[in-house]
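After this come two complexes, each holding chain A, first together with chain B and then together with chain C.
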Partner chain A sequence: MASGEIENSDYQQKRWHNIRKLLERSGPFCHPDFEPSAEILDYIMNSCKVLIVGAGGLGCELLKDLALMGFKKLHVVDMDTIELSNLNRQFLFRKNDIGLSKAKCAVEFVNKRIPGCEAIAHHCPIQDLDDGFYRQFHIVVCGLDSIVARRWLNGMLMSLLQYNDDRSLDQSSVIPLVDGGTEGFKGNARVILPGMSACIECTLDLYPPQKTFPLCTIANTPRLPEHCVEYVKVLQWCKENPWGPNTGLDGDDPQHVAWVHEKAQERAMKYGIANVTYQLTQGVLKNIIPAVASTNAAIAAACATEVFKLASSCCANMNNYMVLNMSDGVYSYTFSAEKRLECVACSNTTRVLEIEPDATLQVIYDKLCEDNGYLMKSPGITTVINGRNKTLYMASIKSIEEKTKDNLKRRITELGLYNGVDLLVADVTTPNTITIKLKFSDSIDIDMSR
Partner chain B sequence: MIKLFSLKQQKKDEEGSARAGGSQKKASAAQLRITKDLNELNLPKTCSTEFPDPDDLLNFKLIICPDEGFYRGGRFVFSFKVGPNYPHEPPKVKCETSVYHPNIDLEGNVCLNILREDWKPVLTVNSIVYGLQYLFLEPNPEDPLNKEAADELQSNRRLFEQHVQRAMRGGYVGTSYFERCLK
Partner chain C sequence: MASPSPKSPEQNEKSKQYDRQLRLWGDHGQSALENGHICLINATALGTEILKSIVLPGVGAITIVDENITSDEDFGCNFFLETSSKGLNRGSETLRLLLELNDAVQGHSVQEPPDQILKDNPDFFKSFNTVIATSLNEKLIKDLSQHLWDLNIPFILCRSVGFLGSFRIQFKEHAIIETHPDNERVDLRLDVPFPILSQYFDSINISTLDLKDHGHIPWIVILYKAVQQWQITNPDRWPMSRKEKNEIKEIIQQYIRIDENGVPITEENFEEAKRAVNTALLPTFLPVKIQDLIYSSAAINLTKDSSAFWIMCSALRGFVEAEGKGKLPVTGVLPDMTASTEHYVKLQNIYRCQAAADAEIVYRKVQQIVSQLQCDTMSDTEVKLFCRHAHDLHLIKGSNIALEYQPGGPVASYIARHLEEPDVMMVHYILLRAADMFRSEHCRAPGEWEPESDIAKLKNCVSKILTDVSCSPFPKDDHIHEMCRYGGAEIHSVSAFLGGCVAHEAIKLVTNQYNPVNNTFVYDGASTNSATFTF
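This part shows the complex of A and B:
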């Protein structure tokens, strides 16, 4: 399309015709507080910053969907590079792109294809980006294949929450998280308002456990081809160490997979088990569940719709967890996952403890045991300084108690604690480890956002 | 529903987002949870823990010295590695002491249901400690990892007991050598 056309107001009129119907008119399904206005489209196009986490099966769909809806300020983060096996469904990539960054290729493709889109790529792990980066976004949407990464992102968004003096949540610090996930013909989409609705950690037990077999079955009574592969993976590899004791099994290394395949076949032969194929071996080693393009498309569409609703306030959001199962007919169900009061991530509202800067750790310990707000029994106190965990004092574990009891006599500044540092305190009196921010009593200013 | 963004304050303060120079790394959910687990660890008198680095709560050793049963008088060391996905995934536990036991093989792999197929996030380090202690009190020949030992326990209890004693004193059982692990 020629660039002249983009400026053409007739084209612009047509291009946003359908979106405008949603944003500039009221209707029976609108949210009661919704005020139709032409400004909303301007907000979506020119102000609303959305972070897309993951540029794989879901990520490609999400990027395409959001860009076509009019979102321009899109950022994409993904640490992976493109592989041949991605190309059947990750449609923003071509054969020539194999080996290149997913985030960069996806962004380049969409920016070229969709006029006006200004997406920006970040080719790195999500953990490499700091709170300043995440704070700039209005909405985060993710299509990840890892629970660890989801939990990390969830924790990051929780840590950005700010509370008013009366300990109520400052709603302007809330960055909604729209999370999608797929596995074969099944998928889910959900909307998380950090600090307000159920978060990833609240519903951690909804994730299916990784498929494992009892060790004794693998060792002595294998019946399935999977048992044979697991045997080689769990028991035989570390016994024989075919590439030396320092080389762990790598499911992406074809030589490793071939070795495991061969040994698994030998074992299968011994027990009269058939069908130990190379593909099955790779599948078991890497825990592969075949990805289905249409599941990704449906889940991404649901997520993109939620992002649109959040940005425009035109309709009420999904409340708040949708499951989709297409493995036997098509079934979907939406329910309201409940916030868990004892959730480690979102019930953990930071409390502030005022302390003299020249106090010892003992003073903090005594305050935690004696102050009416705490009345703890035997608090274990740790912290994180420069990204490193540090155990300050823990009485319940003898070997730690011995190594940390001298800390009680030391001044908190000697221990590396500073104004605004977070202490992590565990005690039988609280269902979780709680975060307590130190506030030095001589300092007037404390940055509560950190 | 709340209206999260009023159009008036639509621009996020980008200057502000980079404020205060660097950022403070937050403790992970796994870290928060293990701190809680350990602070409430209630060890039976036969067990103790060792933390080579007290700042690293994710890697430690558990020492079990059974005071009854076949393994009375022995000292068995287990290594615990708690991963970033705890408690969604169980810690990795290995037995570092060579032991003649139906449910522990010669590489130190342990067949305990809650360490693999029956793990649930509500379980804690304490649950595993009790599970491991139970293995020494009631070795389970139905789920063998060391098949030889399991068969022997079922067919000839006396002989099994003798072999356990020999292994704990240091010596050969069959073709396998066991290092001395008496207290």
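This part shows the complex of A and C:
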């Protein structure tokens, strides 16, 4: 930073006059705890550390918005590199930047444009950063497109919660999470106070289920152009291995997409199906969500306003979930999403899974994947029996999967599981191992306090 | 390893860059955008945030009208200004940094004050598709909006003060062909099947199909057959009531085959048929909205200046009255359903063929009209698109911003009604207007220097507006006080929110897709609340 630029203290500079009116004047609608003063901007600029998760459509906007709202201690994490198709909305990147780290490019641009901004980039997956890293922030704001990554981050912030001896929440361990998401002309923004208001896991049912096509349709009775693309992706690629057996299908490789497009067209022709285009092929392969600058700008701005409210307490936060729909006029609606008492991530209680004693391990596995409270992707299940760790099933490591897959067919009692035993479950949707107590449905006395 | 070089061409660079938005408005929407020219008056933070989300998707050109010199405060909340911009013209500086976003966009900067342009060069605004203005005082709002109304150029008037913001869209009329409704009604014509559809239905006999084919016939066929059977005992009738629809479900149930143990064999297509009974049996009709459109005087009394939309509406009326027998052209869209490829593709082609034949008739009528009027012709693609969306055409009749300033008119009583409710979002609207008036009278924003001393003056402005709409004064001064607290401050995140919304609306206007706000949007960032008013 050029030191000659600073007149008085940085927060007294004339360029912050707009923000200062909000922070240094009292108003009739201010939060009762709000004490207008010049120190608030000093805090925002020099103490308040904010983590921006994602440097894509929302992340670029968030970084600019927060930097212009006075925040200087900003961190940005994103593992992605810049692609041409980002440039219609990710306004901090240019064609010359294609292939570079999004986080680094975005931070460099904003630090240069806005004097005094000290943003720091982390070009890595969010999972590579540990609890010590996340604990340093006062506020986390998230603009991700992946639900799994969002759930992981949510789990991380929930795992930082600490409880007092009387089981009440230690308020100082709460790091507020502001989360935004968009899809085409629609979006949402929400404020999560971990342990206090509804978290991502509490409201999993708000995400639409992923669209899938039954295998028999794809293989035998294709009707839509999507079915033809799925056929090539799921069946034909591994049969023909066009780039050799070691090369998997990469939706980002234009040669691969073109190959799939051509094969899908051949199949479509055979069945008389029209409209297998390159654009559609790519959309199916990469599960592309349409995106446009305007929706991202509006949702990120709504999130930035909430971050500003959290940091300054100048007025109450939204309570607690806003949906925005810009496809027919512009319509917004704010409602209070409810915290689920038995939430896997944010409730400080023992989780219980009720099960028939003669059930197989598969039944438990399916419940973890399909039950609305869990919706896991590929849970690894272990337990402790007689003081020894026992892996019941784990798909993520191939050798263990092979060794444990037969367990799925076995009855849980055969595997040594008993009423009241603790299962330790790990999954990509959470950084934490989740403890779940089994309760056999026919038993009445079970000591849940253990 | 040698790559199995595919024959199919890759996308070109432009379609790659715009891929994510082309999925929302298509190539034709993109080319409309690329032919668009947007004018912005005053490159405030709100102004540049609007242009940012118009330049990124690739509008043809932008023109910024701004006579202001960049101040410290501008630079503090506007991303498209840099340290070196201070002391330079705000319009040309923001233009330079905005154009860096997309090298396909042309840009111009005009440093004259807008009131001067209105006086000296009123035709200046004629070349734009939409004019957007921020931070205008009341006098200029009135003059400019009237001028643009007379020129018939769409105008978006925007405000951003403190946590509050609003935008007002003014145009005479705006016709949307592709409204992209969330739930489009399917157009299957089961009650009035066209000849090739009837022939297809008649060619299938459910009871003689082998078991494999039985599970593969589309539910549309099943439903049609069930109604036919029901009509044997209910001649010349169509199942409408709940009871009648249940009778249809029972007939479908009877079609389901049973295995050797007498257990019904679950077939997805029959389940789908039962589920469709409630929605798919709605008789085909001409929506009132579309009837109003095609019989409106603009569609009947064509002139050679009539827009393509009205000419197509007129041709559509011709179709409805003659070949369509009271119905619109077939949309030609078949939803996905369980079926064998053969059955599905055949049925799909039947609907598509009929849609093409209907559109062709409308196209011929368009050509007739065009040659009679001796006006510009339209492509068959354009007419096809119109027919495909004929069920969801939407026309918005606009209103002049001047009406909001007219004491005692219908808009005044509309405002009064909302204030009496009381609707706090309408109170915000009044305060935003009072702040405009304050600026006209005092050449600064209320509370710009010091909040308390301006409260009485702003209250005066509020009273004038309330008198015009015949409303009693506000019981409390809290909203007036809050506006003075803002002191005209432009808060970046509030402007960025509105900027995204306004850019979006401008794109809707230029592409003629999706319904825009009709006609005023008010936002309060403090309470995360928004409202739409139709003045």
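Here, the second predicted complex is superposed on the first by the 330 of 450 C-alpha atoms of A that agree within 3 Å, B and C clash if a C-alpha of one lies under 4 Å from a C-alpha of the other, contacts with A are read in each partner's own complex, and residues count from 1 in each chain.
Just so we're on the same page, a contact is a pair of C-beta atoms (placed from the backbone, for glycine too) under 8 Å apart; a residue touches a chain by one contact, two chains touch by 3 or more.
Everything quoted here is computed from the prediction, not taken from an experiment.
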| item | value |
| --- | --- |
| Chain B versus chain C as contact partner of A:Leu424, first or second or both or neither | first |
| Touching partner for A:Val384 - first (chain B), second (chain C), both, neither | first |
| First (chain B), second (chain C), both or neither touched by A:Tyr11 | neither |
| First (chain B), second (chain C), both or neither touched by A:Lys49 | first |
| Chain B versus chain C as contact partner of A:Tyr163, first or second or both or neither | neither |
| Complex contact set, residues of chain B against chain A | 1-5, 7, 9-12, 14, 17-20, 22-29, 31-33, 35-36, 38-41, 48-51, 54-57, 84-85, 87-89, 103, 105, 107, 109-111, 113, 116-117, 119-122, 143-145, 147 |
| Parts of chain A lying in touch with chain B, wherever the complex brings them together | 31, 33, 37, 39-40, 43, 47-49, 130-133, 135-138, 147-148, 151-152, 154-156, 159, 171-172, 174, 176, 193, 196, 201, 204-205, 207, 209-210, 212-216, 219-220, 234-235, 238-239, 310-311, 313, 316-317, 344-345, 348, 378-380, 382, 384, 386-391, 394, 396-400, 403-404, 421-422, 424, 426-428, 432-433, 447, 449-450 |
| Chain A-facing residues of chain C, complex | 1, 3-11, 13, 15-24, 45, 49, 52-53, 56-58, 72-73, 75-79, 82-83, 100-102, 162-163, 179-182, 216, 336-337, 339-341, 344-345, 348-349, 447, 451, 478-479, 481-482, 485-487, 489-497, 499-501, 503-505, 507, 514-518, 521, 525-526, 528-530, 532 |
| Residues of chain A defined as touching chain C within the complex | 5, 13-19, 21-22, 25-29, 61, 64-65, 68-69, 84-85, 87-89, 91, 94, 113-115, 184-185, 221-224, 242-244, 254-255, 257-259, 261-262, 265, 271-273, 278-279, 282-283, 288-302, 304-306, 308, 315, 318, 322, 326-332, 334 |
